[in-house]
Structure formats: structure tokens, C-alpha cells
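Would you mind keeping the following structure in view while I ask a few things?
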Amino acid sequence: MKEKGWKECLWGGLIVDAGNSVLYKTGDWRSQRPIRDEQKCTDCLQCWIMCPDAAIKVKDGKIVGIDYDYCKGCGICCKVCPFDAIEMKEEGEK
Amino acid sequence: MSEKKKMRATIPEEEYMFPGTVDCQGCGAAYAMRLALKALGPKTMVVIPACCWSIIAGPFPTSALKMPIYHTAFETAAAVASGVKAGLSIREKEATVLAWAGDGGTFDIGVQSLSAAAERNEDFIYVCYDNEAYMNTGIQRSSATPWGAWTTTTPRKHPKDRPKKNMMEIMAAHRIPYAASATVGHPEDFVRKLKKAREIRGTRFFHVLATCPTGWRSPPELMLEVPRLAVETCVFPLYEIDNGVYSISKKPKEKLPVTEYLKVQGRFRHLTDQQIQYIQEHVDETWELLLKKEKLGRLF
Amino acid sequence: MIEIRFHGRGGQGAVIASEILADAAFRDGKYVQAFPMFGVERRGAPVTAFTRIDNKPIRIKFFIYNPDYVVVLDPTLVGQVDVAAGCGMSSSYKEQEEGKAMILINTSMDPKDVGLKGMFSVATVDATSIAVKYKLGSRQAPIVNTAILGAFAKATGEISLDLLLKAIGEGVPAKQEENAQAAKEAYEMVVL
Amino acid sequence: MSTVKVITGNHAASFGARDSRAEVIAAYPITPQTQIVELLSEFCADGTLKAKFIKVESEHSAMAACIGASAAGVRAYTATSAHGLALMHEMLHWAANGRHPVVMANVNRAMGPPWSIWTDQNDSLAQRDTGWLQFYCESNQEVYDTTMIAFKACEQVLLPGMLVLDAFILSHTYEPVEMPDQELIDEFLPPFDPPYKMDLDDARAFGALTTPEWYMELRYLIQEAHEKALVTVREVEKEFGETFGRYYGTLELYRCDDAEEVILIAGSTASTAKDAVDIMRKGGRKIGLARIKLFRPFPNEEIRDIASRVNKMIVIDRNVSFGNQGIFFNEIKASLYSAKNRPPVYGFVAGLGGRDMKIDDITGIVEQADTCDIEEILWWGVKL
Amino acid sequence: MVSLKKLSEKEELLAPGHRLCAGCGASIIVRQVLLAAETPVVIANATGCLEVATTIYPYTAWRVPWVHSAFENAAATIAGVETMYQLKKRKGEITRDIKFLAFGGDGGTYDIGIQALSGALERGHDILYICYNNGAYMNTGIQRSSATPKGASTTTSPAGRVIPGKKRFPKDLTAIVAAHNIPYCGQTSPSFYNDLTGKVQKALSTEGPTFLNIISPCPRGWRHETDESIAMAEEAVTSCFWPLYEVENGAWRLTGYSKQIAEGKKEKTSVIDWMKKQGRFRHLFTETRKSFLESIQEEVDREWENLKKRCGY
Amino acid sequence: MIHAFSGNAAVAYAMKQINPDVVAVYPITPQTVAMERFADFVADGDVDTELIMADSEHSAMSCCIGASLAGGRVMTSTASAGLALMWEVLFVAASNRCPIIMNVMNRALSAPINIHCDHSDAMGARDSSWIQIHAENVQEAYDNIIQAVRIAEHENVRLPVMTNMDGFTLSHATERMETLEDQQVQKFISEFKAIYPLLDVDNPVTYGPLDLYDYYFEHKRQQVEAMELAYDVIKKVGQEYGKMTGRSFDMLHPFEMEDAEVAVVVLGSTSGTARVAVRAMRQKGIKVGLVKLRVFRPFPKDELREMLKGMKAVAVMDRSDSFGAFGGPVFSEVRSALLGEDVEVVNYIYGLGGRDIRQDQIEQVITDMSTVAKTGKVKSFVTYLGVR
Amino acid sequence: MFVEVRWHGRGGQGVVTASELLAGAALAEGKYLQAFPEFGPERMGAPIRAFTRISDGPIEIHSHVYTPDIVVVLDPTLLENPAITEGLSDEGKLIANFSGTPDEVRKITKFMGRIYTVDATRIAMETIGRPIANTCCVGALVKVTSLVGLEQVENQIRQMLEFKIGKKGADANVEALRRAYDEVRS
Amino acid sequence: MSEAKFRGAHDLPPCSISVTHELTKTGNWRNSKPVFHKEKCIQCGICWKVCPNACIKLGEYPEWDMDYCKGCAVCAEECPKDAIEMEDERVMV
């Protein structure tokens, strides 16, 4: 985002662009990356409801992937998965 | 000269409050202080936030008590009392610290510092003399004002539509070692409880119903009678919570209908039968609950 | 005056590193200053810290824009943050000695493969493996600050290893021995 | 033997309170002050400081508890910042007007909203009417030293004192701090024993309702105490210097002897500005710097004195009073009003909300002042 | 029971890109709460981690109207908003249902904000106040609050040679709120999303002031691995340190897992085991502190028995 | 309509005519009577207002902020310690740009407790970015409140306004005053236009985010701008209102200043007494004028400078003190504004804690000034008037 | 015309009401006015003062009344207090609620100006049934000074009191007013 | 009141600290006074106990401190033997 001058800002730091934090990618905080095994996954959505960063992408009740733009690599999804379908891997490892 | 027969004294004889306090005629709050100081004795320091008592104690340069007083801001009785106690204890001095606040300073603006002090279990006695409205500023509604009562900010056409905050239960939920309710209509009971509390360490809380003839629109001479009726009708039950155990100090032999209490006060004059019925139901319910709690034994 | 800028991630110990370095220099009789660029970023977010060392009292109190040395605690930051910004440049209060400026990066790569170019040299050390070896921090988030300081001592020559080890001994909250070992090992392993 | 430690400004405040032997501490955490209370609670936990730490639920109660303790006759200490200070506002008046020499460290932080945790001076300067002494510190060493100076001076004039240190720039910056021997400190700062306190043998009522009959006289006494405080602080600073070898002064002059122009500034930026002065001097400008150490009571005479010797004054404010101008600027102008032969004064508002203040900013401001022809407030460094 | 599938069809109202720590319990709670809400909501937030990390200018993570006015007044601020809504509704300028939420951490709720909360409850505003309770001032760097558990080491109640961390048991805020005689209040945990969403829905459909106290694991302050947040929140419940219950019009009721423990269908686990997994209690696991540790277990057990008594068991 | 109203009654009546959406208050002497009256209006259904009886002033102002951001026209009232307790949130209200109207019945601050008038409560909040207007009499107290609505809600301003009147001296004094018709008031203030209200759930907004050092400075610069723009707005609204009522409203109100050689600067109810004194002294041949400072924030420094330029001596009367400073707040600001002019400016601190200020005292001040003008010598720059 | 009146009474005796009654009546006659009590924390029964100013033109002054033209004393027990004649010149008038004669009052007060008495407490007991002397004293004042018309005061009483204490109460007060008007002694 | 003791600011303590216990004589607030009928008295001490302002001395029989008694009539109301009667003082003037 380009930095605004004082005349362009809304008063008092008011933000009218709801949810624009999506422009701020927290994915680069991650040192470990969750990898989902589609074979094992049953779409129980436990990982989704427990994710602090809404980084589990769901469409029509099915998990369609992990949003690495935002995933901070906390590992909760891996831990709560009843089917061991998510594994945490060192960032950079293949 | 032979020893003459003296009048009987059922409460301690020594006076620690001078006459000449600038309270209204028949003021329950002034009377409550007189009793409290008798019970607690000379080794007491008093902290008073803004309330009627910051006037009653007398303007500069007078003071109505034989004890040191610290007059403080409306919302800080418990915090200042904590500070005084800490200062005394670090210099190893002994004194009972008495925080003496009205209902506004306890139920509303002072609830925060009180809650925190209770959580820290600060070693002082906190007495809330409850006259059920902001009497010092001229009878405005507080959260201690009972349902249906008139005040200047809840006019007769639109009397208070929220029940009174149950401060005893809120303080009990803080797990403090001792909490008790009392009234100026039962001086011996109040003195007994204070004497008991004096021997306990930690935060001790008193909820004292103190008649305010000006605000309640009751005749001054009924200063003791009105709270007695509050107890007889179970509007204001007298009980103690001693380390989580409830015990009711006075169970009326025959529970009077609430009208007996309401009719002596002008602030309830406008109530309809239906409204009175509502109050009666609420009082009955609370009373039953209290009886139940007493039966359950230790609750925390 | 020398100025050092640290880049790391929340939780890696960049701020502590800046303090330990200052403390070590202080033991050398120098005047020092160490401070973080305090933000609200949480664990994992990029953070910056600064150290100034001088022979006379330090009065200036603002961020470091033209550092003599830059220490990068996390290799993944290189692409995300301009770690080389201002490095080796002169400022109104300080002339830059030629050939002195250096960027030290925690990576297993060789300095020439890092791909940073400017008025500075580049040094590297694999502080992560050293930290893991001495069980500093968790495997998930190894704490590399002491190791990289060992490398800093060798690479820049601004501080003696002995004093650094003393500062580490008092500056880290736990595992003092392991941290000291890590610093020593990095001192040996740094690649210039 | 004195010891030297590399510590943050916050810790310098904690050590200062410890070595002043504060007896009751009541504080509430707020960024960036937290380290002060954290270290103090450690001191209390491991017994190196014999004090009672009241962990209150708000800043309002923190000040109230300090007032209570001070009324009980003991030395009370607290620390806060920005909104914490604002929440205390009512009690600040109470402490000063009740004449309780509480000492408080205030970490200068911007006021919200929008919410910021970085330094600017609005929080403490907005409390300038409350009757507190205000000391603006420029280094960690000064934070440590001033704690003792403040306790001693405040207890003599029975007024509370506020130590002000800049958020992060001092509070979180490590610098070497020399701490003298405790015995020497105890000699310098004897135990607190106020003339009036809560005492069972001498029962008095504190702060009773006061009618128009006497209220104004009590207020007058406070103003008088402030006038006395100006002298007292100087004396205490002198005694401190003689004992420990470090002098500060109420208005510190730097290279002003032959200066033709002078920068007026407070806080840590003054420290940076000294280097800027050196650089400008090298460039041939005869410039000096006057650092406002004591803002309340305000050193009027000294300000007028320096004004009489220079051709131009530049005031740098890290604050602004909305609807008027920079607060230092305003006070300095008011103070200079009756001075004969006073130079023009230029005011700059800069560095709000922690906007970094570099040497180049100071030199830039001085250069811009060259082109000014009106004594009006100017903004430096705001993005257009 | 709400099905996750159904919930997953709803829009995420807390956008990603917020800067809470990895593994933060608060963001999980907020997501679950917002997913449970069936009508539009307006939120007031007390100063705290959640507020700071979700709205750093010029970014905001909130897709709902949101206001932060100070540390101690979230309840009062939302009360003001709600009052305005009641007026507009009375005048017919707004017809749809809007619900009003306030989020506060334990510092902003148990300590500095309790007065505003108590006042709002007494005045009877139609709001739901949610306390995400992580047991200390985490935003300013782990200072003791009155919600800090007994024995926990924080930066202002540090474990030293003499003092074993915080000495007092935490304030029982849920009970204090219940003593205000409000129509609905309760306690829940994000690891039981069913219990949590159910209670949120119940609270939102209740007229008048309602309150939920939700335990919120904090990897940084509790000192556990980030991936263990949910497990920590779960074990807090199974050990009866944080029982799930609700108080509806004065009637106390255990719910979910806690109810099953009371009925003997589930095993009650040890609090000590739960504490062992968190760095903030590490100092307690020495020979000399054994009796102190046991006293915590005893107190938790006694509280649990008392709670069961209140709930009719 | 002509009434005999006390200050409190006038405030309540103005509020009734404005018919605000939300009023949140907490009782404090001497403001209570106004709130009691207003509660009566609410109970009688004379207004649509939702009245919140808050648990403290801090909460009252917080409720106001909430309601204002929700899109309502919001008012409140307080005094003294109440203002001090809400002090923190005053900054929040202003910086969030809530056009809240607050009537402050100026009263002295504790300790010791005192319930009478002085200006230290409002002066202490002069940096909080609230517009501050002072009333001379009950009539003005009423007029100011109605104008305040327009000023606060002006699109260039959007700042809260504090309308001050002296506690007891005005709040409890009954005076003859004239009110507008209800429709006239409604027409004058016109409908409130909420901008970015929280209740607009379809367009969610975020109020009060954290600002790093990349933006905070700009936001504050902008707030200063609003205060500067307020200057013109206050003047224009005053003119328009003046046209409607035949009374005049400006930033400053000069009296007998055309040929004056010495002047008195004063605000609040004392300006009336001072005018009587000026008249009396004029009869004794002293060329004295009076400047009533109606608006203290934004501070009309240029206009004041113009007005006082060329005076031989000026007495600034402060009903508050800034301990440790050189004189009271008004004094310091006036001197700062006049810097560069050759006018002796002297300070009189008077009436703290409700000490009555008499005509003869002000006459004495004028006599002193004329001595200063003649001799060019000032005995004391700061005098405590009437202190024993 | 510019008249300053000072009232002396006790808390709860309706001193403020008396001063407001007069002010209200003056307003109705198109005059300018100011009425204010001396505010203190005193409770019921404590001695208090109140002030009224009435003028043909706007009143600007905002200080207490120091040199009253008229002093009204609502409570006979206050007469011994020297404060009641403070600032009252010999051209001034003193009106007292007193059962005796003006000369007796002169003996007590040593006041040399004109003195009027009215047995207000008795009249009040007989009309209103309670010893509240305020309306009676207003009656006496109106008779003595002709500041405002009696009718105006009657209207004011009805306006102010009918709402507060009902029509019967207001009627009683009007009767008290009239009787005092008639029975004042000089 | 003891104001006479202070002439000006410099006689005062540094802040509002009461230095005397001399109090407001509230006896002049009274509009009715207690009249005691000794013959009915049983020395039960209730009147002493219930006086909100500590105006009754505890002796053989009650003694009122009329300098301070405000005439609230609580003693009369509470007396079990009607030994105390209230008498209006104002009509007597």
C-alpha cells in the first residue's frame, strides 16, 4: 500500500476498507509448513474450525487447500487432525 | 454519693464520633458510623470517598471523628485503603483500616477498585452504607436503587425499571473470607458482626441498609423502624457469609407483606398493586434462594 | 563509532543479541547503546534491533540507517526485507571507512551465492545447525543469536571472543554453557 | 563501590526506585512501561527491596493506592504511560493538591486514537496544570539519578514528581548506567517522614470538604510550594552533584557561551541534537542548545537569561495542543513576553507518535528556521 | 448441534492477515463466535492483543463494524452503540436485527474493565460480552492479572526462590457475573467448538445482557508449543480447571464434557498433568513445591464439587 | 419565549429542543439538576432520547463515544472530578472525531473537595482537542449549546464541543432569558448526518486501530487542521444564530475597546461583572476596555493580538492555575499570542473554589492597570486576587 | 430600577423558592431578574442565604449581593445574627418573620433603617398547617416594596406549586400570601 | 467554626488537613426539641443507643446536648415508654 499524506487519510485512523488485512501476508512468518495428504483427509473440517488464521480453504464443505499466504505455521491443524492427514515440514524442505 | 443506677448500654459505651456532624435529621448513615466506630474501637483509620459522609464529617478545618480520616475520590475507597494498609504494614504499625463508602461509590463507580482489592484479599473492612441512591448530589438513581423506586432521574412516571444489583452475592463470588448484611435498625447485630469481622484477616465486606429520610421520603424519626420493616418483610435479609457458609441472622417469625415496608416511604407512593405484586414475587424468590443456600453448606 | 543492525524474526533472539553485543563491548571499556525497533509484531514476524559502540559517550538516539555491519539471523528474510539498506554508506555524523562494512548472514550457503551486492562484503555462518546441535530453542524455532554473535566476533574483529563469552554467560537466561559452545563453534565456522 | 550496568531506561527507573528505597509500589502494566514494574516485582519477590507491591487493577487505582500509602507516611512509587496517565488524571490532581510526594516514572507515549505506543510528549505535557513536578530525562543514567533527586526534592516541598522518559528511545534502549553505593544514597536520601500523616495518636482528617472560605488559600500554598520547588530542585541537584559527581541543572545549556542561536528542546531528542549542534558548529554556525530538564516548575528566569544572549531561538516540540500550538513553544513565548531584548522564537512540531528524529532532522529544522519570518508554528516531517 | 459443514458455508468475518501470534487462541475464538452468529453483528473491542494485532493502520482484519475506544470501556462503548440501535429501532429507522458483541481480554474484563461491564449488566443492555481469557496481560508482555491461575509465573508475579509464582486463586468472574442476575452467562472453551457455538447462539438469542468467559490458550504466555493450543484448552476442561457450564435465569447447569464428567461418563483428568505441559508452571515441579502443587489440585477439586452442588449434582 | 431559568434548567430545555438521540450521564454536583430535569422530559415523552444512567463518568463518555460512532447525535453533561475521570476518553472522543456536545458546569477540582466554581476542570482538558466555549450568563449557556450542535457536526470540523458555564454562579442562578421555538431550533441545527456509522452493517468500518509511526503524525496533523477550520465555522454559526436572535456571538467580545488604553481579558460569568466595573471606571475617566473570551479552543490568537495591540496594559483574569507555571493558562496563552507587541500583560488569578468575585475587586484591577499604564512599572506579574 | 434583595433562612424553609417566586413574578411583569442561593453543603436546618436582583434592564453582574436594598429574614431565630444587616444601609429595609413589633426587632438587630414585621409562622400554621414562612414573607415584601404586583405572585404560586403539592396546597399558600400582605406591620 | 484562628494562607496546613475537632453547632437546625418525662423512664438506654448524632449522654437518665441536637425525634419514636415527647420550637417564638 502506498503511504498516504495527511490530507488523504480519513480522520482518526478510520478504516473503511473492511478486511483489507488480506493485503498483509503473514505467510512469511512461517518456519514450518503444513502439508495436507488428500488421501487421508476426510473433510471433517476440524482443522478448518481450529485454524487461528482462516488459512484452510474450504469450498462446498470440502477442503481445497491451505492458504500459504497467511498460514503462520502454528501446527494446530496437524495436531487436531484425527486422521493424521496434515504433516508439518521444515520450510524449504520438499 | 452512692453509685446511681445507670442507663443500660447494649452497645459499647465509648463514643468515637462527636456530635455536630452535618447530616440531615434522622440520618442512618451517620448513625451507622457511630455504631461502627464503637464496634471497631480506637485503633481504626477511616477512608471515605466522595459521598454524604465527606460532608457529614465536617468541612475543613473540622473533623467529626476521633480517628484519622482520609477523604478521597469517589471511585477509590478500596484502592486508597489498600495503600494505607500497605503503608502501615511496611512500617509494621497496627490499625484496622475501615473503608466507608455509599452505594454509588460501591455499586457503581467504585465497584472496580473494590473488586480488585477483594481479589488481592487486601486486609481491610469495607462498609457500604446503602441508602439506595446518590443522596449527596440529590437523590439520583444508582444501581442500588430498588426496582420501582422514585428518584430524581427515575421520575414517578418512569420509576426505576431495573432490579437492584445484588452486591452481597457479587462480593461473595469474590470468595472473600467474610461478608455480612446489616441495617441501622439492628444496632446490636451490626456491632456483633463488626466485632467478629475485626478478628478476621483479609477483605471483609458489609452491606448496611442506612435510612435516608430525605431521599426515601420517610419521617426522620422512623430511622430504625424502616430498615426493621425491610428485614421483617425480607426485602433486605440479614445474613452472613463466613468462608463460603451462609447463615441467616434473623428470620422473621411471620414474614410481613412488602407493602408494610413500601407504604412508609414516599419514594414508593406511586406504585400500583400490580407493581407491588411484582416486588413481592421477586422478594419471595430471593428469600427462598437464600434459605436454600443456607441449607447447602459451604458453597466456595 | 560503529553501528550494527540485526534482522531476525520474533522469537529468534535478535534483540537479546543486540544487548549481548553491547554488553561485550562495554566490558571492553567502550560506550554502548542497544535497542530494538519495537513493533507489535508477534512471534515469527520480522524484527530489527540495533547496537552502537563508540570510544566516547553516545548521545544520538535514533534508528540506525547506515550501519557498518548488518547481522541477519534468518536467511528467509533476505528476500523479504531490504537487509542491505544503507549498509556501508556515510552519514552526517560518521564517515565510512572503505571496505569495512559487512553483512553477516545465517545460512549454509557460501557468501558469494547469497546474491547481495553493494559497498560491503558478505560473510555467512550456518548458525541454525549449530543451534540445533546444542538444542537451543526448539527444533521448530531454534534460537541462533549466540551462535551468530560468535561468528560476528571473528568476521569483524570488533570484539574479542573472551568478552563475548562472558557477556553471553550473563546475558542469556538458560543453557549458558551450550550457548557459549555454540558461539565458539560459530567463531570457527564463519565463512568470509 | 559504585557499579556500572548496561541496562534499559526502564530498568534504570526500577533500580532508581529500589535504591531510593521505595516502600509501597502500586502499578498497572502498560506498554512501554511494563519492564519497570516487572523488575520491581522481581526485586520485591527476591527480597532485594523491602517494599509492598500492590498489583492494582487500573492506573486510577494505582495512583489512589500510592496516595493512600503516602498518607500513611511512607515513600510511594509508581510508573505509567500515556493512557494510563490519562486515566489517573483525576488522581494526579488529588496527589498534588493533597500534597503527597509520590514519585512516578512516566514513559512518554502518544495518545490515541489512532493508537500508538511510540513516543511523544502530549501525555505528560497535557498534565501541566496538575501541580506535579516534571523532570524530562535525556539518558538512562539521568533516569536513575533523577529518581533520587525527585524523591528528595518532592519530599521537601510536599509535591509529587513525575520523571519523564521517552518510549523505546530510552525505555527500551540499553546504555551503561552507574549506580553508586547504597550507603551513600541512604545518606543523600534519608527515610521519608512527612509532617502530617495518618496517625492514631494525632488523628486528623485529610482532604475534607473545603468551602470558598479557605479553598483559594490552599491553592495559593501549592503555587508557593512550586516556587520554592524551583530553588529546592537546584539545591538538591547541587548536593547530588557534590555527592555523586553528576550535574544536570534545571535548564541544561550546551555550547551556549558564545552561541548566537539556540535550540530549545526536551527529552531524548536533546541528546541527538547535541551531536547535531556539534556538526553545525563544525560547519561554522554559532549554535547552542538549551535542554528543558525541569518543566514544572518552569525555569522562567533561566529561559529569559539565555534569550537575552542570543539572536534566535528555535523550539522543537514533540507535542501539540490542538487549537493552539506546541506546548513548550507556547510556554516559552509566554515566559519571554516581558523580557526586554528578546530574540525571535520559532516553533516546530516534529516527531509525533515516535516519528524518528535524526541529526538530519535537527539540522533541517535549523536551516528551515533561517527562512522563517514569522513566529508561527511549523510542521516538520509530516507527509503531505 | 451445528454442523461444521454448514458453518463453513458462511463468510469468514475475521480476515486472515491479522498479526496475532501463530497458534493464538483468541483468533480461534473470534472465528468460532463470528461463525456462530446468525445475524449481523457490531463489535467493540477492549485494548489487548486481539485489538492491536487485528487493526494496524491502514489494515483491518474485521469484516464487521468494529470499534476500539480504550482499555477499560468496551462494555460501555458497546452499550452506547446498542442504545443508539434501540432508538433507531423504536423510531423504525432500522428494522433488521443486529447483535452487539464486545470482546475483552482478561485484563480488560477482570480488572480494568469490570466496572464498565458491571454497569452495563445492571442497566440491562442487549449485548453479549465475551472475555477471551488467557490468564495474564499478554499484550504488554505477560503480567499478572486477576485471572492468572495460582502458581503461574508471570513477569509481575515471578517465581522466585521464595515465592512460587502467583499466590492467589483467580477471580471467579463467571460467578461474579452470574451474581448480577443476568439472563444468561457461561463458560466455554474453543476446543469444544460445539459447546462454544451453541452458547454463543443461545446468548445472542437471549434478550438482555449476556456474558461468556472463554479460555484462550496463549503459547507465548503459557509457554507451550504453538500446535498445542487446542489441546491445552481441552485439558483445561477435562481437568475441571475450566468447567463448561451456563447460568440461565439463575439456574446453574453443567454442559458438554463437564456434564459428562459429573455424570460419570467421562474421566476427570489431573490438573497437575495439565500444568506440567506449560512452561509457566515449570518451577512448581520440584520436591519442595510438591505440597503447594497438591494444594492447587485440592482447590480445583473443591471448586468442582461446589460447582456440582450448585448445578444440582 | 421568555423564561426565568436557572442555568441547569436552560441546559435541560436546550437539550429538550435539540432532542438528541442518546444522552449518557452520571450525577455530579452542580450538574445534577439539569439531568433530573432532562430525565423528566424523557419520562414524559417530550423527547425521543435514550437516556443512559452510566456507572461512572468514564463509562458515560464511553457510552457517548459508542452511540456517536453508531451514528447518533449525542450529548452529555458533567463537572469537575467527573471531567477529570473521563479525561482519558476525552482524547478518544476527539480523535475519533465524535461530534459530542458536552455541557460542563465548571467546578473546582479536588483535593480538598470543593463544589464551587472555577475553571481548572475545563482548562485541564485544553489539549484534548475539544472545542471549548464559555458562557457569560444563562442566556448564553442556552445559546451556546444550540450553536455547538452545528459547530460540532460541521463536515469540516467533526470535533466534540464542550460548552462551559460557571457552576452555581450560573448553573443555580435563575435569570431572565429567551428561548427559541422548538421548530426554530430544529431548523437551525438541521438533521444529523451520520458519516460511516457503525450500525451500517453492510459497510463495515473499523474505528480506533493501532497506528505505527508511519501514520500517527499525519493523523494528528489532520486533527489540528480540523481545529483550525473550526475557527471559521464557529464564527459563521455565531453570525447566523445572531441574525436569528438579535444577539451577537463571536470568538471574542470587545467592550469599549475603541479608544481603550488598558484592557481586561476574562471569560465566563465574571465578564458580566467586569463590564459593570468597566462602565464604572469609565465614569471615573479611565479609558478601559474589556475583552470577553468566548471561545478558548480554538484559541483566537490572531484576533486577540489585533484587539490588544497598542494597549498600554492588559490584565488577564484566570479562574484556574497551572501550578509551577508563570501564571494561569489563559495568561500564558494570551502572552504567547501577543509576543512581539509592546503591551504589559499582567495576570490575576481569582475566584478559585468559588471565592466570590466582586465588582470592586475588578475595579481595583483596572486601577492597577491604569497605574501600570502611567508608570510602565509592574509590581507583580501574577497576583492572587482576594487571597488572604 | 435596580433592586437587590437578600434572604436569610434555614435549609428546608423554602428560601430558594421564595426568591424564585419573586423572580418569576418580576419576569411576568417584563422585568429582568436574577435569583440564586448561596450554595453550600449545608443540610436541612442550617442557616442559608439567597439573593434576588430585579431591574428594568439586563443584569450583567454575577457576584453575591453585598449591599442589599432589602433584607428578608424568614426565621426569627436568626435575627440575633449580625450577618443579617451586613451591608444594609440605613436607607434599606428589613422585613422579618417575627411575632412582635418592629421596635423589638430594632432592639435585637440595632438596625436603624425601616423595619417591618409579619407573624409569618403563625399565619402559615393557620393557613398551610405547617410552619413554612416563605410565601408569607413574599407577601410582606410585596406590600412593603411594590416591586411586583400581588396578583403576579399569586399566579406564580399557582404555576409553581400546583404541580408540586396540588391545588389545595397552592390555595393555602395564596391565602397565606394575602394574609401576610394585609397583616404586615411597620 | 474556628476560622478565626487562621488569618491567611500561611496559617494553614499545607493542604486540607483538619487541625481541630471543633464542630458545627447543629442545634440551631432544630425545629422541635425532645421533652423528657423522667417519671416514665425505665433507664433502658435505648434513646442513648439510637441517637444518630451521639447527642445523648449515658448517665442515670438521658441528657441531651442541645448545642447539637437536630430534633430528628428518633429517640422519642424509639422510647418504649413514651418518656420522650417532641415539642415544636418555632411556634413558640
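Chains here go by letter, A, B, C, D, E, F, G and H, matching the order in which they are written, and residues are numbered from 1 within each.
We take it that contacts are C-beta pairs under 8 Å (C-beta built on N, C-alpha and C of every residue); 3 or more make two chains touch, one makes a residue touch a chain.
Predicted, not measured: the structure shown is a model, and the values here were computed from it.
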(message) Can you give me the shortest step count from chain A to chain H, moving only between touching chains?
(response) 2
(request) Select, from C-E and D-H, the pair of chains that is joined by more C-beta pairs in contact. (result) D-H
(request) Round to the nearest whole Å and give the separation of the Cα centres of chain E and chain H. (result) 55
(message) Need the CA-centroid distance for the pair chain A / chain F, whole Å please.
(response) 52
(request) Using mean C-alpha positions as chain centres, tell me how far chain A is from chain E in Å, no decimals. (result) 23
(message) Could you work out how far the Cα centre of chain B sits from that of chain F, in whole Å?
(response) 40
(request) Find every residue in chain F that makes contact with two or more other chains and list them. (result) 53, 55-56, 58, 81, 85, 88, 92, 95-96, 110-113, 115-116, 204-212, 215, 217-219, 221, 223, 354, 356, 387-388
(request) Can you tell me which residues of chain E touch two or more of the remaining chains? (result) 19-22, 24, 52, 55-60, 62-64, 68-70, 72, 110-112, 114-115, 118-119, 122-123, 146, 219, 225-226
(message) Quick check on chain H: which residues sit in contact with 2+ other chains?
(response) 3, 6, 8-9, 15-19, 24, 26, 29, 70-71
(request) Provide the residue numbers of chain H that touch chain G in the complex, in ascending order. (result) 24, 26, 28-31, 70-71, 88, 90-91, 93
(request) Spell out the residues on chain A that touch chain E in their complex, using ranges where they run on. (result) 1, 4, 13, 15, 17-26, 29-30, 44-46, 48-55, 58, 61, 67, 69-70, 72-76, 78-80, 88
(message) Taking the touch rule as given, give the residues of chain C at its contact with chain E in the complex, in rising order.
(response) 40-45, 138, 140
(message) Please output the residues of chain D touching chain A within their complex, sorted ascending.
(response) 113-115, 382-384
(request) Note which residues of chain E are touching chain C in the complex, please. (result) 19-22, 24, 52-53, 56, 219-220, 225-226
